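Chain IDs A, B, C and D follow the sequence of writing; residue 1 opens each chain.
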Amino acid sequence: MFVADRAGVARELLVACLAEIHSLAAEHRGARMPGYTHLQRAQPVSLGHHLLAWFWMLRRDVDRFDAAAAAAGAMPLGSGALAGLNWEIDRLAVAAELGFDRVVENSIDAVSNRDFALDYLSAAALCATHLSRIGAEIVLWSTSEFGFCRPAEEFSSGSSIMPQKMNPDAAELLRAKAPRVVATLTTLTGVMHGLPLAYSKDLQEDKEPLFDAAETIELCLQALGGMLPGIRFDHERMAAAAGDEMAAATDVADLLVRRGLPFREAHGVVGSLVRHALDEGIDLSAIPPDALAGFSDLLDEEYYEVLGETSWLDSKVSRGGTSAAAVATQLDLAAASLAELG
Amino acid sequence: MFVADRAGVARELLVACLAEIHSLAAEHRGARMPGYTHLQRAQPVSLGHHLLAWFWMLRRDVDRFDAAAAAAGAMPLGSGALAGLNWEIDRLAVAAELGFDRVVENSIDAVSNRDFALDYLSAAALCATHLSRIGAEIVLWSTSEFGFCRPAEEFSSGSSIMPQKMNPDAAELLRAKAPRVVATLTTLTGVMHGLPLAYSKDLQEDKEPLFDAAETIELCLQALGGMLPGIRFDHERMAAAAGDEMAAATDVADLLVRRGLPFREAHGVVGSLVRHALDEGIDLSAIPPDALAGFSDLLDEEYYEVLGETSWLDSKVSRGGTSAAAVATQLDLAAASLAELG
Amino acid sequence: MFVADRAGVARELLVACLAEIHSLAAEHRGARMPGYTHLQRAQPVSLGHHLLAWFWMLRRDVDRFDAAAAAAGAMPLGSGALAGLNWEIDRLAVAAELGFDRVVENSIDAVSNRDFALDYLSAAALCATHLSRIGAEIVLWSTSEFGFCRPAEEFSSGSSIMPQKMNPDAAELLRAKAPRVVATLTTLTGVMHGLPLAYSKDLQEDKEPLFDAAETIELCLQALGGMLPGIRFDHERMAAAAGDEMAAATDVADLLVRRGLPFREAHGVVGSLVRHALDEGIDLSAIPPDALAGFSDLLDEEYYEVLGETSWLDSKVSRGGTSAAAVATQLDLAAASLAELG
Amino acid sequence: MFVADRAGVARELLVACLAEIHSLAAEHRGARMPGYTHLQRAQPVSLGHHLLAWFWMLRRDVDRFDAAAAAAGAMPLGSGALAGLNWEIDRLAVAAELGFDRVVENSIDAVSNRDFALDYLSAAALCATHLSRIGAEIVLWSTSEFGFCRPAEEFSSGSSIMPQKMNPDAAELLRAKAPRVVATLTTLTGVMHGLPLAYSKDLQEDKEPLFDAAETIELCLQALGGMLPGIRFDHERMAAAAGDEMAAATDVADLLVRRGLPFREAHGVVGSLVRHALDEGIDLSAIPPDALAGFSDLLDEEYYEVLGETSWLDSKVSRGGTSAAAVATQLDLAAASLAELG
């Protein structure tokens, strides 16, 4: 029952986080920021789009906690010491009364099994790992160097001496707690390892990992849910970081491919353009029209359109992409998914 | 796709194991053995009943692999480097063609996420842990001291010099491999820990844990499925071990409770009977009728019936218990569950 | 300082356990029991010899805790927030006063490093794993089936109803706690994973794993130290289990090898002898002298000597072996090693 | 022998890394960069000083591998199947010949023990965790946002299309591989958990974790050693990031404390100064002398000296601090430590 209850609590906290993330994503759908690969700026994306990546990540955790709660719905009671009871008893009726939806069908299994705990711990371990990624991003974005956001004061700590400094406490907590939650899972798989049936005292070692994981994951979810509304994003810094024209280089290649150049050759042309711009110390868009032909016959006015700042995001029109229309669709899908969760 | 495929393979192997276990359980439903708590003989149970505890344990693993396969049904393709594609594409149609049932709805999530791998690894880790318990039991039962079973030769190793010795190789393998599979899960949760979105080279570290877990769990399931049909159980040794009258002590207490004695007092009476028998060096059933009254007025002829060897098992009549009727019901439920799995 | 102190506590408890084990080993040096491979009886050994295997296992743990204490001897104090202090201070003198033997030579390292904790946790993880093996053996030996020992009452739990049943609580605890201690280590390596220097709030996550590991390992060592003096070994049961003549089969092969038969052929001859004995349902020593020649010309009277029960152990004369003389030497070495520990 | 050999290989690779780090630290001792707490700029430090923090971190790993090699110096050979050999043999002589420095003194321990592997795996796990911190820092420093360094081309990957982009492959590898190495340790502690003595097939599961850990840690150390010489640090970007006057706020507080103001009050005064500067949008040094008295009578000309850029580092004069003199001393200590390693 503990598992079903606490899986329910985690679910509620997750749904609250999802609602906050959705609301933030809607609010910041129009803000541009760099999308990163290898922590290098790769392509500009909408901040709303990025936040929705968090949404779907945590959305899957809801399913895991739901599955853990469902798996914990089998009542072990009525199994005696291990062999069953000496009298007939309507275990199904007892189960229904106690809020279980079925019974464990084997009395030995009933006293030997800790899958209900393991399922919860697996869900918690993955959820905590997800939260650690969000926490790490907020820590990173809060640095002076990135300067993308600033956590709310009540989820940070400053110092009497450096009031300008704001340590992202809650975000660090999200990052720091995941290994502990994963360790509760490995503790219990370790305890179960090679343990003969039916009951051994070792099985009591399910309690502390379970309590610890529940407390920790709930603390983390509360920290995230509490922290999100107060985060202040610096759209200007983000847009400046996203404004590096080099990030549009792939779009120029796409233009060439659309015009019939093989993929590999298109990449070669763009590589030459980029090197030229770097050598000259100019932007890609500052290469004059008459010089373009020296790189490829297929380049014309559209080259400059592609490099136009506003066009980068809007060019990503595929389902799930970062164009305004695709993000709008995605926000709707996320809202519908949230609504389903009740 | 790898995950869905290999989850399917694990499922198939699990179903084969379940069928073998069911068949063994049906065959040995009438054999008595001791049920253990703390590895001390506690109450006699049917061997079939015990084997069915293995059945339900592995039955839950099927659900986990199914959930992993379902979770892996979202196609990430069509997400570009991270921001989506520059052209419209019917991702749903592509997904359908490739055997996915939906698409990842966010291009950043699509390149950052490794949940499909983590879900598989969680399922594999729990399954391997279950198998280690079965393996440990077979190792134990194969000792000269227990002597409950003897693994088939092709799943054992002997020695040219000691042909009477038969090492339970396959069972040891089941016990030994679980930590490795759990470690593949902690490897990947460790890699994901604190990793900013979207793509980093670190994410390539999902491959080897995944391949290693799949190979290992499949090897273990094949070992179990292969080993089960050839195990020879020694009903005589098991029954002798189960025949310790002391194991019926709880049944005597139950008799007293049924007759109105409070639980605590009933236990006290039985404790006195057991101590008396131990002091006299006699069986409980050898305490003469006229001596019984000295322990409790509520004891009469039924005392001897309760202690009759055949009555121990059959007294456990509750659903999921070890009485012949309850085990028969359970075999039917297990068969139905197996039939559902197709 | 916490680490040095608690490593010292663990050391003291270990030394107490070692002393108990040594004393038990000396007491039971003459008792025979089966040595196991694959949990199958392989060769008879002296119980004292087996207990000394525990001794050396835990003896190595003393070195690990000592190394952890030594590694924790560098004082981090005097490093300021991370860059050092604005005034000169004799850190070496402060260190000496506080009981450190040196200082951390880099202020950034001083605030970033948690190796002192990791070293302690590594030592604790390995020690706990060793204890789990000892615990598992005691659980096994306490079964009705093995019947080799019976834990003292104060480290067991019985039941009011089954006074004859004695659950080996303390031994189960030793087995059950190891995964938890290992998990404290993986928690902290997980926290440190990928954490940029110098200080982050994440580093506060060293406290709870450290406290938990210390408490748990100390509890386990106290349990072992407390349990050992009260264990009652059943020499008769052990000797009976060790008395299986088949265990001397390798000695017969050794005899043949000594007489010039190649190893492989010797094994073949002994395999034939064993099969013959099994087929006839007789002991190896019951094969009559005139039948021996049918197996090998090299077999004579010494064949029966080799099979004489008392000769099995005493034949293992190599250093570290189970012969009385070798065990006596080993007891001396262990006593000397213990004396060194102070 | 494998362990001693590979611990030696790891040691050699570590020593090579240490030499490179020392050389880099000497080269960059004069470069300023921000020191971070909570990934927020806290106090400026010398880049050489920061690199020396890496030095000491890895220096400790040498000791661990040395300890693992030493622990592996006991020869198990000559223990027979588990009980010893039937003939006398000078095991010490054999050990000496084979390169061991002593023998395992108990034949049962000799076949049951895997501590030599566990010691190596512990050393490797901690070393890999250290490397992951270095890797994470290089990834961070290589971002456009930090811009502190640029990895050499041969340890990075670019793209034909974005020649300006340089993914820090080798650094990502360092970060990504640590969980895998930690997992080899938990695999083997898991295998050993609760395993009765003496030999079981489970013990064969030491091979793959050991090989995998050795290969992985050697790969990582080679990657670091190879990558270090080619890293180009951008002193200008670093100095600019370090030049934030706010970082000297603690030094102003130290000045006040030196002049007799209690610590707490000094912090209050500086907090007021910082808030005033922030409100006015000016630097701390731009607060005019006559305004200083409004904050504290104890502030005079030295206030401006303390805020002078060059004075920040040089004020950290304590042993292990970041002043030029302290770093010079530290470089000497590190060189001496390196020389000792041979």
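Assume a residue touches a chain if its C-beta (ideal position, glycine included) is under 8 Å from a C-beta of that chain, and two chains touch if they have at least 3 such contacts.
These figures come from a predicted structure and were not determined experimentally.
> So which chains count as neighbours of both chain C and chain D?
Touches both chain C and chain D: A, B.
> Once you count every C-beta pair in contact for both, which comes out on top, A-B or B-D?
By number of C-beta pairs in contact, A-B is the larger.
> Averaging over Cα atoms per chain, report the distance between chain B and chain C in Å.
Here chain B and chain C have centroids separated by 29 Å.
> How big is the gap, in whole Å, between where the Cα atoms of chain B centre and where those of chain D centre?
44
> Could you grab the centroid distance between chain A and chain B? Build each centroid from C-alpha atoms only and quote it in angstrom.
Each chain's C-alpha centroid was found; their separation is 34 Å.
> Give me the residues of chain C that touch two or more other chains.
Residues 37-39, 42, 139-140, 167, 169, 172, 175, 178-179, 182, 186, 189-190, 193-195, 200-201, 250.
> Could you list, by residue number, the parts of chain A that touch chain C in their complex?
139, 167, 169, 172-173, 175-180, 182-184, 186-191, 193, 200-202, 204-205, 208-209
> Looking at the complex, which residues from chain A come into contact with chain D?
Counting only chain A, the residues touching chain D are 34, 37-42, 139-140, 142-147, 159-169, 172, 186, 190, 193-195, 241, 244, 246, 249-250, 253, 264, 267-268, 270-271, 274-275, 278.
> Quick check: in the complex, which residue numbers of chain A touch chain B?
So the residues of chain A touching chain B come out as 35-39, 42-45, 49-50, 52-53, 55-57, 60, 63, 67, 71, 78-89, 91-92, 103-113, 115, 118-119, 122, 125-126, 129, 132-133, 135-137, 140, 175, 178-179, 182, 185-186, 189-190, 192-201, 250-251, 254, 258, 313, 315-323, 326, 330, 333-334.
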